[in-house]
């Protein structure tokens, strides 16, 4: 039995090295389920349109369903000798139903078939990723809620800037992840197009019904141009672009958590269960998980780069270069899911080191901006207020005193509008409480945001 | 006059090398207009909320409008000695209105200010890009319409596959570009968020009205989290991701056109006006424009990689690394616009080489699939039909004859279902006419698609 | 038995999800052999320096050798429950020799151990890659030699430019590959540094002898700075950079071969054994192997990007992000070897389509530059000669005549220096034969280059 | 006067949009000097080989020298109306010497000419970069020397690991930069090849003397294959790969310095002259320079990606896509030089915050490895020693005591081999002093390394 889906015109056996090099089964076995689902819809349509007989259609559909059950039950193994997953399934079908199996590939090319499979995969991936993002968001919100009173230094340039609520900081990541989820929703609309029926590139002369197949497979639309349909990988590329963005977000969160669990920052401690040790240094407790997440951003960015570079400059329509799409896509999806999952777990095993916070909040220069805004509220032009407080900070530093240790008359050297009340501002709790702008770190607003997210994440 | 927006606490003059290295004016001067528009809205709000007096607000707004006019009139030059565009505009304002200028920066940080500017830039860029994409689509449709009868070989693997209409091939690119336009629309929703009012990272204690500013500047929403707002560059990243996709599409179109204008393919000829010559070889006429477009994909992909890598692993909130965002963004937008514009122009200066087409269509193996589908319609299982025609092709090749030169009895050696009508299929015009699936290269369907696109592009 | 190399200070069991996420055995099992070789040298040194007893050293070395034999014999399987390959080997050792196994990791950290393993891997990889490059070069030279008389159009901008020998074109790729080989040699010098003995980051207080270990493992030098040694992945990065360059070269060669095997160019034909077919179109014979090679460039470039991005911004010294190095490195090396191997094979299964060459060489504008150089030799300034021939070409084109069909008096309208001899130049064989500059396509020079390469490749 | 170096065969004027899009003068004006130097050598050779007369040669050389002087004196401005720098110089020459200028481009194409120019540029760039690297190394060594007694925590995973000398940490970067310098030297050998004389792709029939030109321009070799010579950009690509590696090194150094200048780490303080402030927060002093250097790694990595992607899949020989090479190359070289220069400056303006060091070194778990090695020296198997000390650390942590506060009998609960001397090890100075392995942080070894580098950097 010729194991290939082609070969009539070929007189020499394919070189084994070539067979091995062009084989994709080690990667595309993940498409098994989607391939069979697509074939079931195709076989139904062929019967309905009388391209094959109703009985033939039923036979094919029945056998394909048995294969699908095997796949679902985990009793399906990639066959390394098959050229690809489509060939392997075709062979299994042939073993089950004999010659009628040869009718399944009617009015279909592997070009449109594989496009369909990858789209079905992507549709699933979007759902799984969306759920995993939501789980990570929930962990962030839960961690923020449990520590909703905690104030930490907010940083810009990694220099202490202004006091913020820990929960506010965490919610920034909830927002980022939400944008990724929103982009996934956008991408889904462009995934939701049936390519099957485009043939190899030109369509078919057989009387197929593409709309019916789309309905069976729950696609919103059929593709409008057959040449585009078989060479389009934009939907996968868009998914990768979202995963790059997600990976960058996770890398930034990982960086923050790595910093916070250093002895120097000391804001958080990792539970032993989510830390690792050193083979040489007995005292070490390392945030390996977070470092791996941070580093993984490199891998995912690299995959998107690879995908773009692979596509660059290809003529229409299908070219085999595109076979690499699946490897890049599958690995990026799987890695993203792992990273989200392990991060959500880790966030449930970190604890705020309350004892360390006073040390971190001690430098009351964190509240210097509050002083400047205080002057503004008393009529000083902002640029002048900024300059006055800047000089005040330099003055205190030069004397190795904290701002709160200065006397009112010393403050007044820098601006006559200072008074005793100004000194009361030099307090992180006061600082956050006085914030009033929408989106600020004001505790009331942050509390409301936490509640809003809890509700939103529950309802999805 | 201290030219910086900061400096109160600093005792030493900044090192000139540092000033030069950190200066961004050579890049961000492009933000001038957006910066002033944002400041006008901010100044109005400060007055309305009584953070500054109504008179002060009017003074500031008036002066800013004069600056805006200068910018609009092209009478604004970047000042290389300014740290950045914000500083230069602040200085200009100070020259116009004196000390009251110092009140403008109240309740604002450069962190949220520059985010606003870049969002305004991106909003504009989306519009300009959308228009440019539409223009390129129109050129493709017009070219397809003018040559709507032309049949060319469709390729897969750059091997002749099946006859297709030239217009069908061109419409594949119209579809691709439309996906880019759709993604731009998606990106626009995420651009459409006002960051101003987030302060440096924590919000402000001054009674600002962010919703009012959003209304003045036509933003759909205000940002929900101040720390996220000042460190978020996702909107620019998403724009770059779309531009990468667009660049890949243009590189593929360029590749097709480069191939088609070779002597070997000979499908198209470039007009002298859009071709270039060689300094050594007098006979050369080169498609430099198309090669530059193809190569530019590398640049734009590189910028997206750069952007992602720059963001990777940054802790919250703002870090100066992000200054590089603008350079990457501006250049990618400008290059994309140039490429679209020059391509649209070029498409109006290419001509089909009708004389060459017969040679290209001569190999009637292009219609082999039609033979196989013919057998299927007569009850042969597709896999058998495929194998039979494959052997038939090998048979003809071995005898150096074209399929159309074979006799019916020869065909029947490969399948008894062949008859005289089969030989009539070996004709490109018949081949495309017999296609009937939705999205196929059937001339009626392609005609309808051309009309649909003409209408759609006109109405936008 | 605690399966980890650390854990004394840990009180909670590691979360299974964390164990799974941080496990690297699925990737680093490829290091097994190198890990054991390194351990043998280390154990010898520990004994020689009396850090462990001579008997202990012998016991360890003996057991490690047995493990090495198992690996060499292919009887070693990755144990998915081990954290990494180092742990798995440590466990195997413990099973073989009991408690004394616990002495092996003395004065060693996994940080310097894994660096050693990867360097040993890279050293091997350089050798294997160099051999594979040489094999590909040999295939190119052999193919060129077999067709050393064949003249084809040389292209710039994919437009026919001047006649060149096919062998000259192929030798261009031999040169490119040689640069990659040279860069590998350069990289090897930087791989050739022993990191072992650097401890986790600071060195050790135990009296080890690094020079002795370097000698046993044939390293040219020991690393000079322990912190650098454990965080340095430059040697792997440099290897990846060479592989990117190599991948680009192969992608260009693949592109040329894909073009040459189109019906339009028709210079080459692939043997059936190295081509593939279509599941729909019976007549197709596709160069899938070449397309996969071309596309693979994207993957390898993506890996280098990933590697760089992963390293970017990491503080000293070791960070777990670096674990991803191995995956990127191993896959890039393996893919490069596959591509070289399959390409060398393919080059032995292509044939020049001699019958097609006359058609390709027919357009005698290919020799226009020869006409211009002829005028220069007769005293015309080159710029004038170029312009004259340019106009001549346009004149002939306008009349749809080939240059060779023009009369001398017509030529003389464009330059009085033309005479009958000029017309004799319009011949590809004459064109290449008249070339005389070093490195040109002159047949004598190309012949000499082929011979030189044959000799060089044989002697290596 | 036709401003183009081609055009004879063209009948229509080039579209202005096309002229603008294909113009490269805005980028390649940087090649002016190299272009003229190359032309001088070419003109000399043309005369010597009697392709032009001796008098013509002298005229051309004389005029070119005058142009060179203008360039050297900074009196040369890019002419935006010229197609490229070669055209502009050709025009200037024509203005100076009239018709004889038309003879300069004999036996030369812009293809080989621009290759020459870029190689000359790269040769210079290698020198400038090598000097700049050396200057940065000198700053590191000087800073290390000035603080050669300072002990800081060494980190792995950003967790405190073992005490190290600050100078040891800095020398790790000196090693990294040295590898970049070494790779530059390697790259130089591949730059050092004369492409001129390769013509457009095939060489020339005129009797040129390439070896003479190589000698005049100090090239080690002439290129061996004309088709390779005009399409080879490997030398530039290799340079970019080194710059990526360099950028990663600088980004890591920047990260370390950013961390060290946080209030949390507090190891270093930046002088005001190399720090910047905030427009909102008066107290801020930000390490913008370091963040820009860190972020720049993204840009440079992006450029290498762009370069590779641009080259991927291009057929031989020259294609205009390659024009983008210069932009990528020039910008990467210039940015790298800036980053090195500003970093060297900054390193002279940072100060160790000696007052903060005791706090950082307080946690004596930094010396836990010394305890384990102590046990090893007393006969305990390393794995047992590691476990014992690990439990000891957990014990002390559980009681919130430092190791140094434990009593000997408490230590002995974990290993009977502990004695009073063990407690004396819990001291950073002792820890570094006891290190003895080559490349370790032992002060004597670090001192020797500093001296060795001082000498080496002086002598270069």
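Here are some notes:
The first chain written gets the first letter, and so on, giving A, B, C and D; residue counts start at 1 in each chain.
One rule holds in what follows: a residue touches a chain if its C-beta (ideal position, glycine included) is under 8 Å from a C-beta of that chain, and two chains touch if they have at least 3 such contacts.
Everything numeric in this text was worked out from a predicted model, so none of it was measured.
Over half of the residue-numbered contact pairs of A-D are shared by just one pair in B-C, C-D or A-B, which is B-C. Looking at which of A-C and B-C shares more C-beta pairs in contact, the answer is the pair A-C. Computed from the mean C-alpha positions, the centre of subunit C lies at a distance of 23 Å from the centre of subunit D. Centroid to centroid, with C-alpha atoms defining each point, subunit B and subunit C lie 33 Å apart.
Each of residues 5-11, 105, 111, 156-158, 161-162, 199-200, 259, 277-286, 288, 291, 294, 297-298, 301, 304-305, 308-309, 311-313, 319-320, 369, 386-390, 392-393 in subunit C touches at least two other chains.
Touching subunit B in their complex are the following residues of subunit C: 156-162, 258-259, 261-266, 277-288, 291, 305, 308-309, 312-313, 360, 363, 365-366, 368-369, 371-372, 386-390, 392-393.
By the touch criterion stated above, subunit D contacts subunit B in their complex at residues 4-15, 17-18, 21-22, 86, 105, 108-111, 199-200, 271-286, 288-289, 291-292, 294-299, 301-312, 319-324, 327-328, 338, 341-342, 345-346, 349.
Residue ranges on subunit B touching subunit A, taken from their complex, read 5-11, 51, 99-107, 111, 154-158, 161-164, 168-169, 171-176, 179, 182-183, 186, 189-190, 197-208, 210-211, 222-232, 234, 237-238, 241, 244-245, 247-248, 251-252, 254-256, 259, 294, 297-298, 301, 304-305, 308-309, 311-320, 369-370, 373, 376-377, 381-384, 386-391, 393-394, 397, 431-432, 434-442, 449.
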